[in-house]
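Shared between the two complexes below is chain A, which pairs with chain B and chain C, respectively.
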Partner chain A sequence: MIELSAKTPCAGLLPLETGGMSLRELEAVPITSIMPLNGKHGAVSTALEKAVGAALPDIGRSLAGKSTEVLWTGQNQFFLIGATAPDLPAGVTDQSDAWTRVALDGGRGAQVLARLCPVDCGALEVGDVIRSQIGHMSAIIICREAGFELMVFRAFASTLVHELELVMNSIAAQDEIRD
Partner chain B sequence: MRIECPICGNRDRREFYYLGAADYLDRPALGDQDAMHKYLHLRENPAGVTRDLWHHEAGCSAWVVVERNVSTHEVLSTALASDVKRAGA
Partner chain C sequence: MTDGSHEPNGLVEVHAGNQITPNVRATQQEIHDSLSAVSQNHWGSLKWDVLELNDLLSPFLSAGFYYKTFMWPKSFWEKIYEPVIRRAAGLGSLSMKNNSDRYDKAYAFCDVLVIGSGPAGLMAALTAAKAGAKVILCEEDFRFGGRLNSETEEIGGKPGHIWAAEKIAELRAMDNVRLMKRTTVTGAYDGGTYGALERVGHHLADVPDGAPVETFWRIVARGAVYAAGAIERPIAFPSNDRPGVMMASAVRSYINRYGVAPGQKVAIFGNNDSALRTVLDLQSAGLEVAAYIDSREDAQIEGDFRIYKGATVAGVKGRMGVESVRIRDGNSEFFVDADCLAVSGGWNPTLHLTCHMNGRPQWNEAIAAFVPVPGMIPGLEVAGAAGGTFSTKGCLKSGAFRAKTVLDALGIESRAPRTPQADDSDYAISPLWTAPGKGRAWLDFQNDVTIKDVKLSAQENFRSVEHMKRYTTQGMAPDQGKNSNVNALAVLADATGRSISETGTTTFRPPYTPVSIAAMGAFAQGSGFAPQRYTTSHDTTVSRGAPMIEAGLWYRPSYFPQEGETHWRQSCDREVEMVRNSVGISDVSTLGKIDIQGPDAGAFLDFVYINTFSTLKPGKVRYGVMLREDGHVMDDGTTARLGAEHFVMTTTTAAAGAVMRHLEFVHQCLVPDMDVRFISVTEQWAQFAVAGPKSRDLLNTLLDAPIDAESFPFMGCGEVNVGGVSGRLFRISFSGEHAYEIAVPARYGESLFEHLLDGAAALGGGPYGMEALNVLRIEKGFITHAEIHGRVTAFDIGMERMISAKKDCIGKTAAARPGLLGEARDQLVGLKPAGAVKEMHAGAFLFDPEAGATRENQQGYTTSTCYSPTLESTLALGFLRNGRARHGEVVKLVDHLREVETLCEVCDPVFLDPEGGKARD
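Our next item is the complex of A and B:
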């Protein structure tokens, strides 16, 4: 019998710390895509709130439940993070192994993302979610109290870390030559 | 160039994929060869206002009808393709 060992997307790549910024991988949790069927947005929202304590958020927002969260992730699309989905009148897909999730903390996240993302992430408020790009990768960016949470497809884990590390190092280096 | 996504708001052009004329929303009935030929191959090419389909590929994934002036690069209006289609039906 072949023994396979589980590896997280950023195994061996993170954590990183430089210039007061930190980048770490978030723990692997269930991720489920939920796309309500036509006319079922309200029914899905109610059922979800009952099951996990969070309803469907508004466009560009997230809602926290009991150790779970629901993110808006696109046109008529939501991600349930941290719990499996109940029966819903929606298109439901398990995407748990499909994503890389990292936290960019330290209060300079907007400065880092300014070099990689075409959206002004400094203008986001805590709990805001956007779909945009990090470098050339399609990404989900969530604004947190401590910084930003970033999600890209699992196969892009090393590219994501590479892009972020370059920028973090560059910003840290510029601190040294400020005067 | 920046495009106003009806869902996400004002976004950089690089987040969008360009498909072509909004004529693609008006697919003719099957069997009408002449109309199908026009639908697939014949396009106006004005030096002025055009209506095109753009996909907010790196954003919310919506299809957007963008009315813009190709001479001045001004974006005049945007609407969800699903809304345009529904209104026309």
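Our next item is the complex of A and C:
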């Protein structure tokens, strides 16, 4: 039997740190998309809560369970992060390998995202989830205590890191400009 | 001439790195140690400018001169006239090198945007900030305070600039306030969005590494107070373009703010009370007031200097600078020595932004100026001088009041702060646009438009202000008429016998001041233009020297050169033969993969595809074609049934997004009751084509359990394990060979690709690129978007019989419309060379052999061509009128661009293995 080795989307690209901001790749965890079938929203929510400790969140929100989390990610679409899904009356797919996930920490995330995302990320509350864009890439942005979690398609990993790095460097460099 | 961003004359080029920034206003550029500023727009030295020869020719160079003169002969325009005129007329030059500077663009959000930080803006910002609103205060200058920095008047018993600095300190201490100086708000747009340009690094000798020189902001504000002040306007009199003729307000700025004496003997020419301040400032600076000329008989002026009431300036002596001023007083004319002439024709409210959403300002007789009317920009209130309130106290009050109006509308409770003590004197003006005298009197200093030009425009019946503008080019230079608009249309009004308000203004459009394209396109320079989408095999592919080509945002290998191969065709031919004879590997992860689940998944597919999928058995794959609503082919691909209620659709690479959008539309709008769910899984799977007679042998060296013809028959699919990893295997072929596509979760993509390449090499195979893939599919007559380019129907590509009669589908009815079927259609055919010339190109046209190669005789066109090493011939796919009935005929292929003419035999589009035995066996 051959052996396949796994590679994360940001392998060799991260972490990086500048001007009190840090960018790191998040650990690879199971990601499952869940799209409840007609009339099954409640049933899916209940089943999920029972299985992973988190129900389906409201639009634009996330709910945390025991080391798991459920994100709203679009119209009638949710991502279960950190666990595989139980049997559900829903369209369910494995998305674990489809996403680049990074954490932008250090309290200046909104300043960074102001250069890449048209949404007022500074106005988001912890646990808020938005579908928007980073540069030209469709993205999922989650507001965290320490900063922001950003998700774009896996294949965009190098562009994501490049664009964030450019902006982080720009902000750090502008700190040096006095008045 | 001026002291601000509206400066018409002091334009320079700033050279930095390999970058030249033209048209920088010298009045706005801060000086630093390494600043390299070069004067622009002269031929020879500035002192002996060759272009000044035009001055001698001026009687012939009136407005409309170019239009009238350079009409003939027609061919001269491009080759002779335009280059010469451009040389003379262009504004600044470019380095013609890649931009070495960095630019940012960014979004900002606030409750109240305050534009301008003079007395009105500061009071507005304070009112909003104290009410707890999120405030952004933008100031174009490098110092907050507006005119308070340039005048000597007091606010609250303190010098105005000290008061301003204190208020700025107060605002800076508040968390809800963001102060943005060196930031010009350049445009007002829908939804409370404003464009703004911040000059971040232009004033620095060393821009810190990584920092931008400019940031283009898009500020989204719930409300805004516009306190942009006013711009003093000149008076048109002969020789008013001489250096030393300046705006009175600018003279005060240079004295009070910068400590620079614009002249030792300064004459003043005005028609309003504000010019009088200049005298006091000159005197306290110890400079001589040469004369005070006021056009008003009843002007209230007293002082220890020469005063001429009811007089005007009839000219200026001196070429490189003012030497004396010619004064016309009653019937007498005389000269007064002066080295500077301060002019004030009154003030124009800076109302530009308020007109950006097509509002028109109103003429106000009292101040002889246009003022904004309420509601021109939703959510924006105009305060202070921008609204025509010119006294300092009036501005302070207006700022607070307008901020309160905005806050009220937002439901934010506020209290206007107490108005500090300040000057509240009236502003008296008697309009004066032009002063009589011999010689050219300039209106637009940048585009050299004189009074005479405007009159000529009216005389030639270009009487509308918009026509006059285009006829004379008045207001079309970088200052966009900030110094000349009102005077020019006053002259036009006079020439056409209308009032100024009847004449109206031209349209104000963003940006208020020039915005560099580089700032608006920040982050998009070079490869920043579009994100790069890399497959998991990218690094391995690049390390093998494969040139990459773009497919949408994806990058795919063109071919994999081997040692000794010097031309792409050598690599391509080898790769084709490799697939036909052993086995080839190609990354096909870029194809769209859409996971479709739910009880109605089959019915949904039946509705979007022309053929039936609900009858497909689990473990099987079927080729499908989908149409647009208009009956034309949208996309094609295979869809696999993984379970009773579970399908995976593949789309072409380029159309993946469009198909996903189409499915969303169909589900949400047309069949919302269907119980079906779908989501993209394109990025979840790394998928590789394994094609060729030895493909199964190769797979069986890698899979945990071997496969055979029974477990994976042609068009079969199922789960497989590779290295203990669960994957998917599809027995489908885009090359016509016995072939598979194997998919694993993307994290294993690179690893599997390398295993596949190693395994293939052992069997005499290897990777193949897009060129070989293209040849393989053309040999088999398989279509791509080269063929289904948006204007072809299922009938055209010979697939109309696939449209199921047993069910409805998107585009079915429209596809049956008259004109979309029958002999008149261009139908898909194959073409083989039939004469001595073998060359064929895509995009060439088809004609009858005897017919001329003209538009009228056109019979069709080619879409794809290749050299087939398998058939040792060039091959083409194309569309030919009634082509399916014409197999065997000879047509003439003409490529007008490359001047190629080839006789071709029309044949079936499937050149190789028409029975399909190779893929099935």
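A few comments on the model shown:
By definition in this document, the second predicted complex is superposed on the first by the 174 of 179 C-alpha atoms of A that agree within 3 Å, B and C clash if a C-alpha of one lies under 4 Å from a C-alpha of the other, contacts with A are read in each partner's own complex, and residues count from 1 in each chain.
As a convention for this text, a contact is a pair of C-beta atoms (placed from the backbone, for glycine too) under 8 Å apart; a residue touches a chain by one contact, two chains touch by 3 or more.
Bear in mind the structure is a predicted one, so any value in this text is a computation, not a measurement.
Of the two partner chains, chain C is the only one that A:92 touches; chain B does not reach it.
After overlaying the two complexes on the shared chain, residue contacts for A:103 are found with neither chain B nor chain C. In the superposed model, A:23 makes contact with neither chain B nor chain C. In the superposition on chain A, A:59 makes contact with chain B only, while chain C stays out of contact range.
Counting residues of chain A touched by each partner, chain B versus chain C, the larger count belongs to C. Contact with both chain B and chain C is seen for A:77 once the two complexes are overlaid on the shared chain. When both complexes are overlaid on chain A, the residue A:130 reaches chain B alone and has no touch with chain C.
Contacts of A:164 after superposition: neither chain B nor chain C is touched. When the two structures are aligned on the shared chain, A:13 is found in touch with neither chain B nor chain C.
Looking at the shared chain after the overlay, A:118 reaches both chain B and chain C. On chain A, the surface patch touched by chain B in one complex and by chain C in the other comprises residues 77, 118. Partner chain C is touched in their complex by these residues of chain A: 1-8, 28, 33, 35, 37-38, 76-77, 90-99, 114-118, 120, 122-123, 135-137, 153-160, 163, 166-167, 169-170, 172-174, 176-177. Across the complex, chain B meets chain A through its residues 7-8, 11-12, 14-15, 56-62.
Every residue of chain C that touches chain A in the complex is listed here, in rising order: 102, 104-109, 200-201, 204, 207-212, 218, 220, 523, 528, 530-536, 554, 595-599, 673, 675-685, 702, 704, 722-725, 744-752, 755. Residues of chain A that touch chain B in their complex: 59-60, 74-75, 77, 118-119, 130-133, 138.
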